[in-house]
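Presented below are the structures under discussion, each in the form of structure tokens.
Below, chain A partners chain B and then partners chain C, in two separate complexes.
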Partner chain A sequence: MAGKSGRTISATPDRSVLKRILSWEGALVVIFIGVLIMGRVLSPSYTLNNVLREMPKYLSEILIALPMGFILIMGEIDISVGSIVCLSTATATFAGNAGLPFPVVILVCLLTGLACGALNGFILTRWPELPPMIVTLGTQIIFRGIAEVALGSGGSASYANNADLEILGKKIGPFPIAFFVVLIAAAIFIVVLSKTTFGRKLYAIGSNRTAAAYAGIKVNKIRFIVYSLAGLMSALCALFILTTTFGANTTTGQNYEMDVIAMCVFGGIATTGGKGNLFGALIAGFSIVCLRIALGQININTQLILVIIGLLLIISVLISGITQSDWFRKKQLAAKQKKAEAAK
Partner chain B sequence: MKSFLRKLTGKHEVSLAIIMILMFVIIDILCGGTFHSFTNIKDIFRNNALTLLMSLGMLLVLLTGGIDISITGVLAFSGMTIGLMMKNGVTHNVFLLFLIATAIGTVCGLINGLIIAKGKVSPIICTLGAMYIWRGMAYIISGNAWASAQDVSGYSDFGKDGKIGPYIILGVAFILFIVMMKWSSFGRKVYAIGSNREAARISGINVDRVQIAVYTIMGALAGLAGALSVSIYASAQPNMQTGKEMDVIAACVIGGVSMSGGRGTVLGTLLGGIFYAIVYKALPLVGLDSIWQNLIKGIIILAVVVINVVTQRAMKRQNLARREI
Partner chain C sequence: MKKLLCIALSILMIIGMLSACAPGIDKSQASYALVTKSAGNPYNEKEAEGFEKVMKAMGVPAGNYIIKHPEAATVDAQINVINSLISQGVSCIAIAANDANALSSVLKEAKAAGIKIVTLDSDVAVEDRLTFCNQAGVTQVAQALVDAVYDIAGGEGEYAILSATSQATNQNAWIDAMKAITASDSKYSKLTLVEVAYGDDENQKSTDQTQALLAKYPNLKVICAPTTVGIAAAAKVLQDKGSSVKLTGLGLPSEMAEFIGDDAAHSCPYMFLWNPIDLGSLAAYASIALAEGKITGKVGDTFTCDMENSPYTLTAVEGTTASEIILGAPFRFDSSNIAEWAKVY
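Take a look at the complex of A and B:
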């Protein structure tokens, strides 16, 4: 059967091993293994235990990458998540220092994030013609601004009762709790995206929002839920950040939005919407985390990671961009015709 | 229809100017008539010269429906390069250093443009990657060290307080852009692409080439801003102007530039930049601590875009009502 773009859609998907490795997710797995081998070769201290010990510092960013994947699949963007992390650590620190029991502190932290995300969602659904980029730019500055005002001129506050936070920073075997939380959250998000109507609706909105609305999908309701979810997951990330920083700072979570978007895009999610899956984003996230740890171990300029992430990002989108360009399609078509002629 | 559109775009600048003048007078009264002094107004322009300069390039980029968030990375890389050149005693020639910084920026912008236009990569992702790369490169070439005021002495006289260098660059750039956007075929092509890319392509505009040119101009301005930044702040650090790209975008948006392309003027951008600058300058004077600045800034950006949408909706409704009669 021929699809609208002329591609043939067969009822039984091609599941050959070669096709799987050649797919983007397959390439990512290879890259991930490559990163691990590179780390091991470069530094003898790049052992499983060391990697797992360093992990919580970076791992929690993957928690935000999951809802960001949803947002990108809808063809939108949220650049306020880093500031939500900042504000959530601040409220959690204040709540903890006010003597509230730890479960309440967690609740305060999560509610802060949820409220921030809901505010984004409210503005974007109340005035749907507003571009998400500029709205979340505004709220990005506002959320961090609130944290700055709350934290005062010192710009930081430390969490008085460290014992509470250490519970969250504990390990089960060699694995930190954050590791399991990331895996569980990823499993839930992946299942929701690929197996539920909610997930399919996200793809529909991303492919063509107007068509989705006419097809009876409550676009604004779904957008509101997804943006709120992004806020909630940012707050969850903030909780695990607290277990490594033991306090709030006005610079906490700076540039997280960029890291997270990089994970998603590197994982094969198209920012134009409607394409990609979270499995790729998860592997990409782990690759970047392990690369960071490896570069940290061998003591080279830590800023080199910026250049590497940037290059990875551009190259990964460039590859998909080129394969979709007219030039490449013409070449492919010509090659196919040649083959057909030769067969004759 | 055309005259109506012209009125609409004209209206935003007029209302913005009125709000700005009102705000200026109120602030002036609040702080006892010290705000309208010559030094104060001069300071407003000097402190925001980088934002104002880069907002011109951002206007072009936004008009084509794109976005460029790599500008401060490019700024840091070009600024750091000339800072290091002075530190290592290569040259202290002001003109030459400005030329080198602008050239670096131009190359960075050209790479962005090629990737976006020829590689069919979405602008935000390409420039996000470029932001990482150039910011990282600034750190790597500097080895995490600064070029201090001593290193750049002599050069920094160009942008020192009281010198007219930065104002001349700003003035020339704005006049050039007003002429270019209004009366050159390139300017009209940029608007055409932003309003309807397919129509522009069919009517014979080389969309790819215009896009590459737009990002190259943006890069050149970012490089120039890098040289200016080293001169004004008399130092070069790898982390300079971090996050300021959002200020530049905000200035454009306040000035009425549409994020989806095709709408916006140089005059509006200038007004948006000055509006932003006045708020920034006024907050400490009216008694608000500097820690309140970001909060107020964010609220202003949101308020402006929401008000924009609300007035546009009202106008549309009015038009419809008029047509029904």
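Take a look at the complex of A and C:
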């Protein structure tokens, strides 16, 4: 397992500074700082206050990137998260407008997400041979469809009592609450993935699901938990989306699944499973958010922003592809042997 | 080392790409922004063209007017764009809203930052903007469309509406007004609206929806598509099939020229539209008038500009004290004038 499970659980961790920078996570930190410097140089309005003010809208996507990281590490995918966000904002809006107290509204929102995630989990564990991509494509259409029916011909509903939502949208100093929620959630997910047996099992399932099952891992139970978790976190994201849109719209959360998968892949998580870690995804998420804000402020064509992020993705996949290819490994091995011989 | 090299190269590449970008805002004078519904929609691009033309003519420096096409036709994308404009501290934002409700919070934030808000094409909640540049009064458009359906169908029969997205403010207002007109006048009692289909302003989806309408309703006589994307898609489907179903609605002349004609070989006898270039220009003049304090957005304010219907007066939106500026009545395009207009836009 250690051999195939990637950078984080290598048998003999090398802790030299150069190695750390050369690791993908280190490179991401450099990229992140690069993005901030670039933004500052190119746009006079790229100040801490402005970046933090624009951030909550983008930040909430990182909340979904965390469980998506789990799913990708298992070698699977969930493309229904954007629709879960949409449906959760809709139920929360209806609950709020029905006069329910705000804690109940939050509960309704989170339960909607959890139920959607659990439905994904149920289908995928009841019939484990089904491809997750297709199943979640189906539920993606279903969840958004339900939201569209519920929202009716107007396609949008506004939240009547904004005061409640404004509490969640508040700031502590210059930092929006969403910022702290993201950091806390990220800390929990990172610890679970890297320090617990649950996290180890995810890598095991991603490396070889059959072998993991034979090793006594309750594969389906874990898959069910992870998909439910993805639903729950999508609903949490929905809650913070509500603090900026103050209502539900049938297009809410559109393409979030792709943004989120991009964050994970850019963060070094392999979609084939078993590789990567969430620290990388977190830094990648923040880099993409700050890059988008910077590019927005210099008013380049918004389609060009998509092109740039697409390029970044391909470059990141290329780099991890190169470093993990047999060709590269053989070359490294040869270099090591040469060194060893020279030392003799 | 390979990684480092790749990263350095990609960062350099990005900075290189961006450093050639537009000049920054000159803070010593007013700056203006136009936010359209989405990119890749020729109608939006024409609005932007009119906006830009006026900005240039009025001597606004290149860095002080910003035209933003959101990356997707969603309110999410528009919120991000407005947030960015607040950071940049522009003086005035003109926006064609993708959703009336969801922009409320971000527009209030813009207002608090001292930014003046004008809407065009598709309005937001009236308290969130100063005035609205209305391409044509809702009832005028709806009346023109209903009369066209009545005329083309020969006074009776089934018709369907092919709209854009189900939450587009303007589309819904026209459709509701059409329903109200047909219900209130017995002249239209023999017309039956069988379905309102939504093509989401995507060519493929609009094509699919048109084919579905034809399959579902064999007695269909007329399709009315009050959206430029929808009407072009439907026109192609009907004309390629040689269908007897006829089409009318709101369309861009340049896209519809090959489909407009009175004979059986053409799918659309006539259609309507206003001039989106003029609408963009009107929004630009209104923005400038607001920023310079010539108007405040109150009903009764007037301003002059270099346009056909100048001077414009701010009139009240029906049932409210909020103001709007009506561009003019919708314009009819038929076989006699389409060739000439197809060259314009």
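The criterion applied here is as follows: the second predicted complex is superposed on the first by the 312 of 344 C-alpha atoms of A that agree within 3 Å, B and C clash if a C-alpha of one lies under 4 Å from a C-alpha of the other, contacts with A are read in each partner's own complex, and residues count from 1 in each chain.
Heads up, the rule we're going with is that contacts are C-beta pairs under 8 Å (C-beta built on N, C-alpha and C of every residue); 3 or more make two chains touch, one makes a residue touch a chain.
What you see is a predicted model, and the numbers here were worked out from it, not measured in a lab.
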Fit or clash between chain C and chain B when superposed on chain A: clash
Contacts of A:Val149 with chain B and chain C, given as first, second, both or neither: first
Touched partner set for A:Ile106, first chain B, second chain C, both or neither: neither
Which superposed partner A:Ile134 touches (first chain B, second chain C, both, neither): first
Partner chain(s) touched by A:Ile305 [first = chain B, second = chain C, both, neither]: both
Which of chain B and chain C A:Ser158 touches, first, second, both or neither: second
Chain B versus chain C as contact partner of A:Leu313, first or second or both or neither: first
Partner chain in contact with A:Leu239 - chain B first, chain C second, else both or neither: neither
First, second, both or neither for A:Thr271, with chain B first and chain C second: first
First (chain B), second (chain C), both or neither touched by A:Ile322: both
Those residues of chain A which chain B touches in one complex and chain C touches in the other: 148, 153, 254, 301, 303-306, 308, 311-312, 318, 322
Chain A - residues contacting chain B, complex: 77, 123, 127, 129-131, 133-135, 137-146, 148-149, 152-153, 254, 258, 261-262, 265, 270-272, 301, 303-314, 317-318, 321-322, 324-325
Chain A-facing residues of chain B, complex: 67, 115, 118-122, 124-126, 128-133, 135-137, 139-140, 143-144, 238, 243, 246, 249-250, 253, 259-260, 289, 291-299, 301-302, 305-306, 309-310, 312
Interface residues, chain C side, partner chain A - complex: 1-4, 6-7, 10-11, 14-15, 17-19, 21-22, 24, 39, 66, 68-77, 79-81, 83-84, 86-89, 98-102, 104-106, 165-168, 172, 196
Residues of chain A that touch chain C when the two form their complex: 21-22, 24, 27, 30-31, 34, 38, 41-46, 50, 53-54, 57-58, 148, 151, 153-158, 162, 244-247, 249-255, 292-293, 295-306, 308, 311-312, 315, 318-319, 322-323
